[in-house]
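Take a look at the structures below.
Two complexes are shown next, each including subunit A; its partner changes from subunit B in the first to subunit C in the second.
So, the complex of A and B:
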């Protein structure tokens, strides 16, 4: 399909890059009336947010990087000393840390496809207007407005051996299934946490999918209907390509959220049984907060951050626009 | 042909209802159980009664919650902290987005890029260095006529508010929304002699209602739900937010009816607020920048 443009053909001027009206042009911007005042007020308006982000995102991020190579403790009379990579060598010889990595990988690999898939199904179900659409949108979103801490507490109760989940399982199977003590056994604890996490968060990604769906022009659907396509073909050739940008957004947000698994663990299992649900962030909080080892926790946080960066970079690479 | 379509629609509706049941049943179970004594909660569990407010229904659990926990104080703290965070967040972030979107400020591209870059830093990685850092920050206190300076923000209200005011995602949402408002409005206001702040307050912000609703909800939810952060920075009982109150129920004999009552108590306000804002929230997310 590559067509070589003839050199003699006059080029269409690229209007998108054409010079803006003279008063906005870069060259004489300084001479525009009110230029200095605009700079002054503009920076004044940016400053509050910029200063806060600097103080509470950039500085702690840099500090975290630095503290990881020291022996800082939260409250300590001793001066902070530089200890090189001691924290990291301790971390990389800690079997609990590898267990945490493995658990987070397990959680993420299951959560990303299942949760994004279910969220897409939910979005498709409530995309078109019908009677009661607002009711369904609200109900699907209810778990999202419920705090993860409350959700964890609630499911902690439902997952008991004599809890609601096992009673339901027993009822629908006419007494054949006797569910386990979900959170008490190493094999079922992580799957149990996965289920409740999907239940809580799918509604949020449903909204993002919905935004993408609303962005697809209705004409495309009408055109495909004229061609007599089936529902599946319509999804495959109109909807799915139209969700290109949304797809990567959903992917990245679910992945980052999954890698940072913490609240559920802290409320429900505290990493147990037998480290089967411990996570990187949970380990960082355990050492940084309970044992007050800021430096070691910073090292874990740094490793976590690098992990997030690598995973997002790989995802960006895989989902990049292919020409 | 028509019958087939009808059948298909009924099938779709069935799936919709199925998803709604799955989404709602734990919440219904929580609300209903909060009204029952413990024994009955376990008794009803094996039948459909688990989801119905039947039998010995009362607000005893709620009364017991207020006995066990300073729940009113915790609710007040959370309402205060979340409200202040939301109001300051709306102001600070929209102001920043306004300048970045509608003014010719030199260097704004770099600033905007830097702001967006903070989106990839998960809060969990910042939390621990941040605890150490806020403990080094100075704390000014006006005591009578003398200004007292002490060190450390741990165990205060502002440590629960100030770090969460500026938010890159809110700035991004406002920025996207402001881009869709015609710039000619600013020009017209400027010809009428309005200053930039007046344009922001009188022209642009009144048109940005849906963006404000979204930012309000997206700031309120994490503020109300925050758990990890207050767990680390708050010691005093009188400063604790609602989520920390959960710990009180597992100290002595656990009463699940009381746990469910407390869980309902801290969830219902949020749900009510969400339903009130629901329409503009969903619409604005669906129409604003999230298209990516």
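So, the complex of A and C:
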């Protein structure tokens, strides 16, 4: 790897084998001509993204940090006052908050293995050369390009008591099964949302897995075939280790995405019935906008931020490259 | 290369200045974008309601033609994002001159300093009381119409079940209602004979269900000073209401979550009695005709109650030319204008003079009964800046109770949250 020059650096022309290295390389080994200019344009290229990130991510995040310790409201003629940790003590005594934590944990613990596993299976299925493979790739990927709000609206109808899913259940079972009002019962609402979420997002992670699969050298498979491995052994000892980096990426992205569950909830259940589907982000939006309590919403967001940070750090640690 | 570098730098600098400028805007003082010019901006929520929008546009056009000092410019938003748009505009100091507002939100916006007290040439005492939004003794907004909740059924169904038709003189009592539902259910024609619109969300929840609570004798908040909900929203009467409400679902009289469109379900004969607004009357009448009966809501103890106040108009404090804005509002409140909007929306016109111009609402007209409901039963949602918060808490408590949460503790929780909110806002005093 180290011998390959980075594509952005022009290769120094190879003048002659016997000749001494070019004079400029001696005293100023790191400063090739044009280095300054390159650095300049490098910064220039970072600038648009950096400015946008700064303006719309970092500054609001820092402001949010500050607001969490005040009594700021969305609509209010009163001046903002510093109230210390009032918002946090209120938050940590709010049963709805703990319910939201529990719901998000439930969602994440189910979503992460199931969705990544399903996506891997799908990727393995379409990582073959056969006629029409692109058709299946497209079909699996279609839900991803559909907006989550649209998907939620459609599934909202399918989940109704007299909706498509219950009709199918009833027909398949010759009228024996009468499905529940999926989103109306505290026991079935979260599982219903989990199924829909997996259906919508699995295609995205399938593509990531697929990229990982195609990065594994074919020679390794050939070698393993010569050794007479079974298909399972091939997967276990060639494919799985070869997906190491992809695995970490999929794990981290699904986890963060799952922790931020919001769209489906906002469209389909509004946190109900009886808080069985409320989430941290939903609670933040509800207090921040509908209840106009900007400071409380900031406190929720801050706690959420810390949680995501901890979870990501733990994952990073667990998936680090062990020497 | 140099040229490119310059370009890149220029773009970055432009981006930085733009960001700085955007940040600067937020701190700028409130000023109307129309200031200085003779154009006055008017924002309305009814982008998704072409009939109402056209009626408003027509008033604006005729006002613009009637004088040449100012020009009103209509900007319509979808209802779902309207409130957010106004709040963001207020935060950025970019409020238009004239806005329409959902009645119960008026005190909140007035308290926040978004609105100016009205100074109109029109005599507001002639308006239906629920079409004038007052706070702190001053009128801040006025509407062209109101809507009224009612119960609708087919006369033939009631007759088949042996249930009398409720009237203004003699509404159903709680016992009669229970009896009626039992009899209707026994007919076996419907899975759920009653449809209270339980699939509704947002403002529908307090709008539709707090009148039941008030009819029991409870309320959303103690209206004496609006400082606490203790004893009103979690008192014995409120618990009685909660038990009754949950009982309707528990006894199989209504679904915990009704269909998306209650009126359509009723017309398709999926329910016997619906609880809906006057806006559904025209459609129901066209489909069912003479068989349709419009009845007052149930008297649960202190007489039937319905929610008052719909969309209304106000002038913002950021308006540079509020005299002209007030002049426009006065103009728009002329009977023919009020009648035109009420006709387009199928709503109850705000004045008698306007009602006289609409056959359905004139004396003896088919929809006159809604106007009577509005006059007799309308209870304003609490006129306090705390209302938006109270509404969300009440809505959530109602849904939880419907789904089987323990009434007393659920209501206690809502009261605790409401009281804490009022306290943290210094009592919402001026």
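Assume the second predicted complex is superposed on the first by the 278 of 323 C-alpha atoms of A that agree within 3 Å, B and C clash if a C-alpha of one lies under 4 Å from a C-alpha of the other, contacts with A are read in each partner's own complex, and residues count from 1 in each chain.
What we mean here is this: contacts are C-beta pairs under 8 Å (C-beta built on N, C-alpha and C of every residue); 3 or more make two chains touch, one makes a residue touch a chain.
Since we're looking at a predicted model, the values are computed, not measured.
> In the superposed arrangement, does subunit B or subunit C reach more residues of subunit A?
More residues of subunit A are touched by B.
> Check whether A:184 is in contact with subunit B, with subunit C, with both or with neither, and answer first, second, both or neither.
So A:184 only meets subunit C here.
> In the superposed arrangement, does A:41 touch subunit B (first), subunit C (second), both or neither?
A:41 contacts both subunit B and subunit C.
> On the A-aligned overlay, A:105 touches which partner chain: subunit B = first, subunit C = second, or both, or neither?
It touches nothing on subunit B or subunit C.
> On the A-aligned overlay, A:74 touches which partner chain: subunit B = first, subunit C = second, or both, or neither?
both
> Considering only the touch criterion stated at the top, classify A:223 as touching first (subunit B), second (subunit C), both, or neither.
After superposition on chain A, A:223 lies in contact with neither partner.
> Once the structures are superposed on A, label A:310 by its partner contacts, choosing first (subunit B), second (subunit C), both or neither.
Touch partners of A:310: none, neither subunit B nor subunit C.
> Touching A:172 in the superposition: subunit B (first), subunit C (second), both, neither?
In the superposition, A:172 contacts neither subunit B nor subunit C.
> Which partner does A:289 contact after superposing on A: first (subunit B), second (subunit C), both, neither?
Both partners, subunit B and subunit C.
> Considering each complex separately, which residues of subunit A are in contact with subunit B in the first and with subunit C in the second?
37, 41, 45, 48, 52, 55, 74-75, 289
> Within their complex, state which residues of subunit C touch subunit A.
Residues of subunit C touching subunit A: 1, 4-5, 8-9, 11-12, 15-16, 19, 22-23, 84, 87, 90-91, 108-109, 111-114, 201, 255-257, 388-389, 392, 396, 399-400, 403-405, 420-421, 424-426.
> Residues of subunit A touching subunit C in their complex?
Residues in contact with subunit C: 37, 40-41, 44-45, 47-48, 51-52, 54-55, 71, 73-78, 90, 161, 181, 183-184, 186, 270-275, 286, 289-293.
> In the complex, go through subunit A and note every residue touching subunit B.
24, 29, 35, 37-39, 41-43, 45-46, 48-50, 52-53, 55-61, 63-64, 67, 72, 74-75, 121-122, 125-126, 134, 136-151, 153-155, 157-158, 162-164, 167, 170-171, 199, 203, 207-208, 210-212, 214-215, 245-246, 248-249, 256, 259-260, 262-263, 266-267, 281, 284-285, 288-289, 294, 297-298, 301-302, 304-305, 308-309, 312
> Under the definition above, what is the set of subunit B residues touching subunit A in their complex?
My answer: residues 12, 15-16, 19-20, 22-24, 26-27, 29-30, 42, 45-46, 50, 92-93, 95-96, 98-100, 103-106, 108, 111, 115, 118, 120-133, 135, 162-166, 168, 171, 195-197, 200, 221, 224-225, 227-228, 231-232, 243, 246, 256, 259-260, 263, 266-267, 270-271, 274-275, 278-279, 282, 285-288, 290-292.
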